[in-house]
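Take a look at the structures listed below.
Presented sequentially are two complexes of subunit A, the first with subunit B as partner and the second with subunit C.
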Partner chain A sequence: MIAYLLNLATLATVFGILAASLNLLIGYAGIFSMAHAVFFGLGAYAGAQIAMLLVPDVLLACLAAAAVAGLLSLCLALPALRVRGEYFVVASLGLQMVAITVFSEAHAVTGGHGGLVGIPPATLFGLNIGDPGAFLLVCLAVLALVLLGIRVLMRGSFGRSLMAIRDSESAAKAFGKDVPRIKTLAVGLGCALAGVAGALFAFYMAFVNVESFTLEQSVLVMAMVIIGGTATLAGPLIGVLLLLLLPAGLSFLTFIPPTEIGAVQQFIYGLAMTLLMIFRPAGIAGLSTGRR
Partner chain B sequence: MLILQLLVSGIQTGAIYALTAAGFALIFGATRIFHVAHGATFALAGYAFVGLVNGGFGWPLACLGALVLAVAFGLAMDRFVYRPIQRHEGSFFTVFVAAFGVTIMVQSLIEIGFGRSFAAVSTPLTRAHQLLPGLYVAEVFWVAVAAALVLFAAVTLFLERTRLGIGLRALSENPELLRAYGLSARRLSMIAFGLGSALAVPGAVLTAITTGLQPSISAQVMLVSLAASVVGGIGSLRGAALAGLLLGVVENLVVSVLDTQWSSAAGFVVLFAFILFRPSGLFGRAVAR
Partner chain C sequence: MQGLLSVRGLEKHFGGLAAVQKVDLDLQEGVTTALVGPNGAGKTTLFNLITGNIVPDSGTVTVAGAAVTGRRPHEIARLGVARSFQDLRLFGRMTVRDNVLAAIEHGAWFWQPGGGAARRAREAAVESALERTGLSHLAKARAVDLSYAETKFLSVARILATGARIWLLDEPASGLDLNSRNRFVALVREAVAAGVTVCLIEHNLDIVTELADRIAFLDRGAKLAEGEPAAILRDPELIAIYFGERRP
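Up next is the complex of A and B:
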């Protein structure tokens, strides 16, 4: 039972980092990326390769993951600078689909559909933190750092410029904000943090394959952010807890046949997304009147 | 001959894409609603057809059932999802997420009802005949091409020549003025949803009798419709249809150079290139960023 709870808590923490990083894009920057699982995946592969080829140091793996995801976030920043709204959503969907094919075909780096197996237990400065409890503590510390970082950034000049661009790009430009630079930075930061979450995920699972980085995962993370409430610090975390506890709770309902639980879960995600958008578009933690 | 064979199957896929994308473009052009659940319409129509045929009904009745379900679903989306959202906020992303939620719901319902495996109806129409040495064409190819041409011509005529069609085009330009002329914007948007959803039916039936359906087809069709309408120029019916055809052909032709796994990715690379270098699409007007 303790092991089960630890497992749930660690997963929730990793997804908390992921959702917080997506919230940076969706909530604060107004960039509706449907390709967040791609950067989660890039981080996971980068972290796993570092651990398997060099040393299984969490810090090093996280830095490498952030660097890889941050650099490749240019694939997302480029369309984000060119187009808005519908066009960007479609572009990010396209990126997601192409990336999935690359992930499953680039056997040398990603192991293809078989994935990367045998990622060694994590260490930190030579200390072994492979034990579930210790690893949870590390993840929680990273989550706290990420949340603190986002809070400080969003209260500062960078965050205010970013939100100004979200609300009116032309007005922000008129006030002399360097729109392309701020947007590119925001995308890079959000994706780099997703990479960090990916590296932690890889260590925790000790195995990564393409199944964890599909469009469904992107949608799940998006649902977490939106159901919880965009542009709030607590919103994504509430969303993560709800959407991770839901599957755990459903498995206690004995009248649903076990083979159908996946479908029932999906149905409830969908229903929650639709109903919230109709009745409470700002999410659970958002202001009840909506942002506008 | 391989290229020609791939071209034939590309045109067949493209005809299905073109019709579905045209339905999406019709809805978006008239109502400015990004109807992401169009893929769900497609899946519902396809599975209704399969269910009815397997249930012992004849083909005409099964097609009719698929049509009724598709139109009803389109109208219900307009009435119960999009209209309430537009009443209070109407931001693009709110609509998008709500429609995406519905797509997920439909997909999971289909999974519960029909299982995750392929569902298909077999027919002699798909038996291939040798047309030229080494070139095999099934009758369903001609059906798909004919259906696409006839329906596309009919919809174009409707939009250009009838009062209702002109009203639909006016709706996208200036809803206020429309009201001044005594036309009801609500009724017109219902017509757009009904007609656009109906356009997904032939593609769904053709897919059911050729490659077969999967619960995840709604996401796939949604992506293709979105991609085609962006490549064609958002809201342009002609552009969406042409782009749908183009995507189908590219997906199939790419197989001659790369492995089949890359075929759908190739379509999205085309999409990505368009968004970066020509965001207004083939026939689109310049858009604000």
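Up next is the complex of A and C:
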């Protein structure tokens, strides 16, 4: 039972980092990316390769994952400079589809459909942290750092610039904001943090393949952010807990036949999202949209 | 005489529609100019062309003698040209204070240049702008929660805080009650007395008469006349066009 709870807690922490990174884009910058799982995947592959080829140091792997995902996020940032709103959503969707093909075909780097197997247990400064409890502590520490960093940034001028662009891009330009540059930085940072989540995921699973980085994963993470509440620190975490723990919780309800759990889960998700968008469109932790 | 902001032969077509046709305009330093004309005259399009939101087909815009035609909006803004929007475009989910602060933070990195002294100067500019617009007590309220008049004053507070030399105001007083309208007029007069150059689009001719030193009359994208308010507003031909009774 404890192993099961540790597994859930670790996955929730990794997805907490991933959702917080997407919240930076959706909640604070108003950039609706449908390709966040791509950068999660890039981080996972980068982290796995570092661990398998060099040293399984979690810090080194996270830094490499952040660098790879952050730099390759320019693939997303460049269209972000040119298109807005629904056009960007479609552009990111295209990137997601291209990336899945590349992940599936680039056998030398990703292992193709078979994925990368045998990722060694994580170490930190030479200490083995492969034990589930120790690894959870490391993941929690990373989550705390990520949330602290986002909080500091969003309370400062960078956060104000991002939110100004989100609320009115033309007014932000009229007040001297270099919108393309600020958006590029936001995308780079958000994707780098997704990469960090990917590296931790790779270490935890000891195996990564393309199935973890599909469009469904991008949609799931987006749902976590929106249901929990955009532009808040707690929102994405609440969303992660709900969407990750709900399936686990349902499996304890003995009156639901195991074969029907999937259908019940879909029904609850659908109903919850519809009710939420009607009665609380800013999400569970989100602020109301105002009186007018 | 060339103005602090000068427009020469500015033209913009949207498909077959001539939105702005060969417009010349000079905004002299410390002078308030009103753009007057019926709906669809091209007044807001002219603001969009001046501020770089739309690229003109031909013509030039200069600010203090420097050509700015084709430059990006944020670059023109940093030359001291601030504008308001007809639909205000406030940063709705941000607080009143952050709306004003965001308007004067230009650094695109994770921090602002200039260190603590510059930060204190920005904070002082924000406090001063909020005080002058009567919004200090609402500093922590979100823009989306303000009343109509308060949102109007917030859009002015953002401009005030920038310290811009040129203000382009698009229907800044529309829908204001008498008290708010008088406060707005006093604010603009105070700024002009301090050397600010103002160009405003306004349909309320009383406000135009009170504030404007000059009027440029536009219709269907072309400037039909320019001169002192008394002369323009007494021209029966222009008044007939303004009220949609006659077209030249």
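FYI, the second predicted complex is superposed on the first by the 277 of 292 C-alpha atoms of A that agree within 3 Å, B and C clash if a C-alpha of one lies under 4 Å from a C-alpha of the other, contacts with A are read in each partner's own complex, and residues count from 1 in each chain.
Please note the rule applied: contacts are C-beta pairs under 8 Å (C-beta built on N, C-alpha and C of every residue); 3 or more make two chains touch, one makes a residue touch a chain.
This is a predicted model, so every value here is computed, not measured.
After overlaying the two complexes on the shared chain, residue contacts for A:204 are found with neither subunit B nor subunit C.
Contacts of A:153 after superposition on the shared chain: subunit C is touched, whereas subunit B is not. Shared-chain residue A:103: touches no atom of subunit B or subunit C. Once chain A of one complex is fitted onto chain A of the other, the partner contacts of A:15 are absent, as it touches neither subunit B nor subunit C.
In the superposition on chain A, A:39 makes contact with neither subunit B nor subunit C. Of the two partner chains, subunit C is the only one that A:161 touches; subunit B does not reach it.
In the superposition on chain A, contact of A:28 is made with neither subunit B nor subunit C.
Ranking subunit B and subunit C by residues of subunit A touched puts B first. In the superposition on chain A, A:135 contacts neither subunit B nor subunit C.
Of the two partner chains, neither subunit B nor subunit C is touched by A:213. Overlap of the subunit B and subunit C interfaces on subunit A comprises residues 290, 292. Per the touch definition, subunit A reaches subunit B in the complex via residues 32, 78-79, 82-87, 89-91, 93-95, 97-98, 100-102, 104-105, 169, 215, 219, 222-223, 226, 260, 262-267, 269-275, 277-278, 281, 290, 292. By the touch criterion stated above, subunit A contacts subunit C in their complex at residues 153, 156-158, 160-161, 163-164, 166-168, 170-179, 181-182, 185, 231, 287, 289-292. By the touch criterion given at the top, residues 51, 53, 72-74, 77-78, 82-83, 85, 89-94, 98-99, 101-112, 142, 144-145, 158, 162 of subunit C touch subunit A in their complex. Residue ranges of subunit B in contact with subunit A, taken from their complex: 34, 81, 84-85, 88-89, 91-98, 100-109, 111-112, 219, 223, 226-227, 230, 234, 259, 261-262, 264-265, 268-269, 271-272, 275-276, 279, 287-289.
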